[in-house]
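Quick heads-up: structures coming right below.
Paired with chain B in one complex and with chain C in the other, chain A is shared by the two complexes that follow.
Moving on to the complex of A and B:
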């Protein structure tokens, strides 16, 4: 098992200007690891991070888009796997942070905790590449290739639940329409005529 | 007595293009399938994104707007109901423009939606009113003209909009 913050630090170091779409606990932790105007927070309707990521990947085909999904979140929008595979955006990398629990809602286990093969599901749906990582060293070694190979790429990162320092769950910050306006402003220079 | 005519699919396609739409997210709906979804799936000026579930389309349309690309989400009213939480979040709370074209499956062609025998049809406009979502009703060919300004309004106000299709779309 990896520590989530450590895996995020690796992604931050390899990010190279990518848009990062994060959700719920991942969004709070990602904000702490790498505050950046090109961070998009997908909340409000659980499970939609990958769908936002797909829309951004279609709208900005020359821009790398990284999704930091949750395992509980993906379970709530599993249909996204076939939609993404069908669209086949080569600029989309879909990470699922697999801690086996609904951490922001009391730490209850997800259904099929420890038995679900998320990468297997993505592979079966038709992603170009899918893998599972339990160790940080292997993930760090493979990360440059995960981010550079044609997508859609999927990787399940098995992390320890609740390993991070206590988070400040600032939901007013997270849910504000201002967050969306800030992201819109940040994306503007990336748009082509 | 002859049944009243439904809108023409080519007119709806022309209307969304007039409003600058180039991306369509869709799940099939029998009200719009033959007259609208099949023709637009073959239209080279439109990119069709086939969804596995309707609420994905709410997020995809909102994300495309950040890229300054206009889109519509085509679905049945059952999909609209299934997507209400995401519409509430993305469209209403976060003030994103999400334009939806919604076929009213089971609506009688000669009746208003609120007068339908179908509970699923009858509640749609009151639900949209409760959510303070702009909506228009397209019953016949003459109603299609209201679609481009409704899409423009949604993008100008950064808010959701629903165009209800009250009769089967004709090829």
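Moving on to the complex of A and C:
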């Protein structure tokens, strides 16, 4: 198991200008690790982060798109694995932060806790590559390759539940129109005419 | 099959209006009522068709595309509307434009009783989530209704569904 915060710091260090879509508790933690206008925060309905990421990846095929999904969130929209594998965007990297719980609403266990092989599901769905990481060192070692190989790439990161210092659940920030305006402004130079 | 509508003809008319409005991304769950439109979108080099596994994915996908300046449309049968409400929170909460085209079952002339509950709930469900419904009953309504839906979504930034009724499409004998 790794600390989520530590895995995020590795992703931040390797990010290299990628768009990052982060969901729920990951979004608050990611915001603290790497406050960057090319972050899009996906909340409001569980499960949509990877579908957002697919839309971004199709809309901007030259740009790397990283999704920081949750295990509970992915379970709510599992069909996304098939859709992404079928569309096969080579610029999409789908990380699932696996802590075995619905953390945002109180840390209740997910139904598949400890039994589900998320990377196995992604591999079976047809992702170009799928792996599971239990330890930070191996993840850090493989991260450059995960971000550079043709996607769609999937990696499940086994993290300790609730390992973060108390988070500032700033929903005003999360839902603000300013956030999306900031993102659109940051993405503008990346768009082709 | 009741009705005399020419699916190739009406699908082409919808497609040209969408393409002229800059819609490039056609996300869909396949249905008898949208298959011609999808075929046209697949064949045209201006547009991409994205096959979804569940309709709810398309809501988030179109919002993601919008963030990077791409316009999308979400095509589904009426039954698929039942999979969308929670995801449609995005439209109000995130102020995203959302253009849906719903091909109806469970209304005029439907012969399959299983299609009625969701078919009859389509407009109340969409309206409850803040999605405007523009219904097409006759062929001579289609062009203006399509233009209205496009304006609502992309000029005004609203959530809107173009509802192609079974009176317009014809009721299937299955």
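In this section, the second predicted complex is superposed on the first by the 193 of 193 C-alpha atoms of A that agree within 3 Å, B and C clash if a C-alpha of one lies under 4 Å from a C-alpha of the other, contacts with A are read in each partner's own complex, and residues count from 1 in each chain.
To be clear about the criterion, a contact is a pair of C-beta atoms (placed from the backbone, for glycine too) under 8 Å apart; a residue touches a chain by one contact, two chains touch by 3 or more.
Keep in mind that this is a model prediction, so the values were computed, not measured.
K.L.:
Looking at the overlay on chain A, is there a clash between chain B and chain C, or do the two fit?
P.N.:
Here the two partners, once superposed via chain A, clash with each other.
K.L.:
Please indicate which partner A:99 is in contact with in the superposed arrangement: first for chain B, second for chain C, both, or neither.
P.N.:
neither
K.L.:
According to the stated criteria, A:177 is in contact with first (chain B), second (chain C), both, or neither; which is it?
P.N.:
In the superposed model, A:177 contacts both chain B and chain C.
K.L.:
Determine, under the contact definition given at the top, whether A:7 touches first (chain B), second (chain C), both, or neither.
P.N.:
Neither chain B nor chain C is touched by A:7.
K.L.:
Which partner chains sit in contact with A:39 here, chain B, chain C, both or neither? Use first/second/both/neither.
P.N.:
The answer is neither, since A:39 touches no partner chain.
K.L.:
Looking at the overlay, what does A:77 touch: chain B (first), chain C (second), both, or neither?
P.N.:
both
K.L.:
By the touch definition at the top of the document, which applies to A:91: first (chain B), second (chain C), both, or neither?
P.N.:
neither
K.L.:
Both chain B and chain C contact which residues of chain A?
P.N.:
40, 42, 44-45, 48, 51-56, 58-60, 77, 79-80, 82-83, 86-87, 175, 177, 180, 183-184, 187, 191
K.L.:
Considering the complex alone, what residue numbers of chain A touch chain C?
P.N.:
21, 40, 42, 44-49, 51-56, 58-60, 63, 77, 79-80, 82-83, 86-87, 175, 177, 180, 183-184, 187-188, 190-191
K.L.:
Where on chain A is chain B touching in the complex?
P.N.:
Going through chain A, the ones touching chain B are 40, 42-45, 48, 51-56, 58-60, 77, 79-83, 86-87, 175, 177, 179-180, 183-184, 187, 191.
K.L.:
Contact residues on chain B for chain A in the complex?
P.N.:
23, 47, 49-53, 55-64, 66-69, 85-86, 88-90, 93-96
K.L.:
So in the complex, which bits of chain C are touching chain A?
P.N.:
Touch list, chain C to chain A: 25, 48, 50-54, 56-70, 72, 86-87, 89-90, 93-95.
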